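Going by the order they are written in, the chains are A, B, C and D; count residues from 1 in each one.
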Amino acid sequence: MATTVMLLDAPFVPGRFVEPFTADHPGLGGVCTFVGEVRGDTGVEALELLHYAPLTLPGMEQLAAAAAERFDLMGLLVIHRVGVMQPGEPIVLVSACARHRRGAIDAVDYCMDHLKSNSWFWKREQRGDGWHWIEPRDQDHADLARWQV
Amino acid sequence: MATTVMLLDAPFVPGRFVEPFTADHPGLGGVCTFVGEVRGDTGVEALELLHYAPLTLPGMEQLAAAAAERFDLMGLLVIHRVGVMQPGEPIVLVSACARHRRGAIDAVDYCMDHLKSNSWFWKREQRGDGWHWIEPRDQDHADLARWQV
Amino acid sequence: MAVTLVFIGKLADLAGEGERQVPGPLHWADLPSLLDADLAAAVAGERTRVAVNGELLADKTALAAQDGDEVAFLPPVSGG
Amino acid sequence: MAVTLVFIGKLADLAGEGERQVPGPLHWADLPSLLDADLAAAVAGERTRVAVNGELLADKTALAAQDGDEVAFLPPVSGG
């Protein structure tokens, strides 16, 4: 079972990654994919995501390994953007292939909850009045707590 | 909030539907997509899915409407194949756009659980010794029960 | 005009065909005389549902179809 | 050779730069004399983590870096 983890510093088209990822796993029962985009409905003009190389990618690799151990997967793909993004640009993609749908869906859910609130990214939004640093929403912490059993 | 429900009787490429569906919902926070394929790892040579027109499509439309009511969605796409399929061909696609990921992921999970065990399809598999009718796995019924709160 | 019987899945295998026309009116009690014993037994099985013109019958023994109606016999679904 | 201090996010705003070289060795008690008061207070804040060469310190006051080390000051993450 292979995991692939990438940080990208330029815009990407999710299908360019999901189609070959799916094709690489013949015999799969299902593939679940989540793509998060920069929301454009709240006055956000741009979003910048910073990472710290010695922690961010190793942290994502540990997350992918934990998901691979916890769920019955055939493959797991985790891609995260860094840098400055415009509303509508993809910021994160998680895709999981499995023999049965439950593993694929739960692995995507698990990875997203951890990426959203427990990963080494720092985010700021540009609004009409300048740049603002963002901290996780309370909902993200509540989502994460679902997995602590 | 628009729901789109389709029965297709020929092979389809998921990305051809997911990309325009995503593009049709500017301002979304995330899109979750599940694609189920005919598994090829258990001696299945072909799979045939039958439907009964007066029940199958209306049933899928009711399911999509129930998901749209239950979750905070911007759009929902449900596509199901019918007819004879080969291993590796997509059989079902559910894609949900939402402002926040939780609604998108949960809507896909909900629709898949209901489609797998509570929809008007009859399935048979062709193996070395001929065609065999299939009934839902016990796991599918257990998955469905998760939503009955 | 007649009543159209639709057999789905396993029931079509037993019937040897997917559809059949029978003269109306048609009631539940008429089925044993119209269907082979195996098929009649499968239709009467507790997991077989009956729909008239796309409407499921809550109690299939209340079946009462007229000429022009479509009566579908539905084995347990196998899901998508 | 020196110790490289890395400031992330809000802390880089306070420092006016993302990186700074200081002479080693460097201990926790040296920071107030090296950093402006605002930055030193933010670094000491309970939600700021410290990593040396990519390894998080469980107790940041145990900081002890040599020339060639990279010391990163990490404000609360905002998630992906």
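Quick notes
Just so we're on the same page, a residue touches a chain if its C-beta (ideal position, glycine included) is under 8 Å from a C-beta of that chain, and two chains touch if they have at least 3 such contacts.
All of these numbers come straight from a predicted model, not from anything done at the bench.
Chain centres computed from CA atoms place D at the largest separation from chain B. Between the Cα centres of chain B and chain D there is a gap of 50 Å.
Chain geometry summary: the mean Cα position of chain A and that of chain D are 28 Å apart.
Under the contact definition stated at the top, not a single residue of chain C touches 2 or more other chains. Across the assembly, chain B contributes 36, 116 as residues in contact with two or more other chains. Applying the touch definition to all chain combinations yields A-B, A-D, B-C. Those residues of chain D whose C-beta lies close enough to touch chain A in the complex are 6, 8-10, 51, 53-54, 56, 70, 72, 74-80. In the complex of the two chains, the chain B residues touching chain A come out as 15, 18-19, 22, 26-37, 39-41, 87-88, 99-102, 104-105, 108-109, 112, 116, 139, 143.
On chain B, the positions that touch chain C within their shared complex are 36, 49-50, 52, 54-55, 58, 80, 91-92, 115-124, 133-136, 140.
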